[in-house]
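Below you'll find the structure I mean.
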């Protein structure tokens, strides 16, 4: 993730609302990480949370956060490691995309797959880091889109080391 | 599943309606388990049921329950063990998600896959337990959402032992 | 399939319309089986038919039958045995589900996969039996939904022997 | 394909419009085959064409042809042989189905997969034949639907020898 | 890619707007390639850009570009090499198609999969070339559709050598 001086701040009065949807299925408090990171980056926004049982319930949680006035939403989830879990994650992702397009509000899907790491400790660290880095993305989309533009094509990887640009 | 003292009860007069859609294809009376559990948790709601042949028919059953005034719906099904059954379950899940987003009413998908257990007895126990634990989720979403919020990130698993939180 | 004395008959005047969509790709006249079975079960309905080339054309055929006033539709098809055929069947099924949810009219998908049987004779028997048993389902959804409710969780299998209920 | 005397001709004045969408990605002029066949079958229609780069662009091409007044559309494409090509073909097919259902106008998907034949010559012959036989299907859906009905369940295969009906 | 004298130029006054959506996840500045190529082809258009974190965010970026008045959009992305990346690319593609059909505006998906090449250098060259060749497609769809029509069925391949027409 590129971190940068702040640029376009919401300033000028209108306070934004950031929604965070999370699940009881997840094995890490990704909400805590995202909220902590957002509060460290800046001000000009409030946070609203909606907790559901599993990832398939995230799409409607996002929709309700949007209907409640959120300007952007983070959808936090930790799909299991089995093939059927990948199928469920796929369904959840598509429904989240449907809600995003229907309401024309950005929803950043922040999924950590249980089979991305071999130890619980690494998985917890990944969940924390990915939630934090996507929280920065949410902030950037809301307040300083030019920062994302400058990072275009640079191989950013949320939760892992960045891949970097290709050399020709 | 976290079980807790009741908190926000529907109270104040408005009786909620919980819809339950089930199938003749399923090999266990998951409706009975869900209804039994709901009646044991609390009051303030009525139950409406819609039985269809198979899981692909659950989406329209859920839609009709919602059009009939249900505030939340449980979609109970038992997909078969073959690859084609996974494909059918995937179609059914997506249609259920479409209905949920279209009407902005929670539908909890409660599927038990026949290949989750090696014996009929275990499969029956899983079907019973999962239906009961998702019935509690439905109740929580309707009457006490703060209970779900407190359980966020704690690795809840409906029908199995909870996975618990990751240690860092 | 549970067969039963008839119960709720459409009676009282309003004649229902049952739509049947079928294909030239199928290798068995499933329409004939469905119509024959429907006529044997009862009265109170008329049948309307729409034949298309392949299973991907069934969704629009169903939609046109519904727009023509059908109260329920049977979508009859026989997908081929190759992986690409499964992909096509998946597309067809999803489009049928989309039409069903859009119009809130039951569409019973009656697909017989060519690789479900090893001989042509068995495949023909399966196609005949499955079409007939889903014709009964259509009749039940239209005229006697309580019969389906009594069969919930009993492991009904259209075209094959029923799987039965799980013992605990 | 069943070929037959013509029956219901559009007659009575209203000239129909048949849309044909094709791609620069395809390796055979399937448009030429379809147009040639249509012109050989009968009259009472005009043809409108929309060429796009690849199969994923066919859905919007079909939509634009429909918005331009087409009564039926042929979507011609030749997906590549790799797994990622199957994924792209799947996306293209679903989008085509979405357009078909949205506008309630038949779109016949005429895809020839590059791995259906082992030689370029056979692939060209298949592309030609399939385009022609689906052109006849389009004509039949528009002008003589009873011909399709008579061929229901007879195992028609566009581009290959027909599979025929199953014997019991 | 067929390159040709320009033909139908937007001429006559109305300046078109071409949208380009890209990601910080991509490892190559495909936007730069597309813009450079567009500027080399002709005039009569302006370019608007929208950068998002990953490919799943491209669909809403495209929608916002369209709502901002773009007449056509290029969606540039570089999905990773793992199976889960293919799944994400599939979700992204479908959402892009949904936006395209909803707004009836062409969106050219320009994805370069990381596993298409074995070296970083080749991957960079492919990303550059594919972005450029699809930029030409966008120009052609906007200003000279007859050029695409002349190339129909000739096996055009963006980023690779053309496959050419099949010989019979």
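Letters are used for the chains, namely A, B, C, D and E, taken in the order the chains are written, and counting of residues starts over at 1 for each.
Going forward, a contact is a pair of C-beta atoms (placed from the backbone, for glycine too) under 8 Å apart; a residue touches a chain by one contact, two chains touch by 3 or more.
Quantities reported herein were computed from a predicted structural model and do not represent experimental measurements.
Undergrad: Which chains, if any, touch chain D and chain E both?
TA: Touching chain D and chain E alike: no chains returned.
Undergrad: What angle of turn lays chain B on top of chain C when you fit their CA atoms, given in steps of 5 degrees?
TA: For the C-alpha superposition of chain B onto chain C, the angle is 70 degrees.
Undergrad: If you average the CA atoms of chain C and of chain D, how many Å lie between those two points?
TA: For chain C versus chain D, the centre distance works out to 26 Å.
Undergrad: Taking each chain's centre as the mean position of its Cα atoms, how many Å separate chain C from chain E?
TA: That pair's centroid distance is 43 Å.
Undergrad: Chain B: which residues touch two or more other chains?
TA: Correct list: 90, 94, 98.
Undergrad: Under the definition above, what is the set of chain C residues touching chain D in their complex?
TA: It comes out as residues 22-32, 49-53, 56-57, 59-60, 63-64, 67, 84, 87-88, 90-91, 94-95, 98-99, 102, 120-121, 123-125, 127-128.
Undergrad: Hey, which residues of chain B end up touching chain A in the complex?
TA: Per the stated touch rule, the residues are 2, 86, 89-90, 93-94, 97-98, 100-101, 104-106, 108-109, 113, 134, 137, 141, 145, 148-149, 151-158, 163-168.
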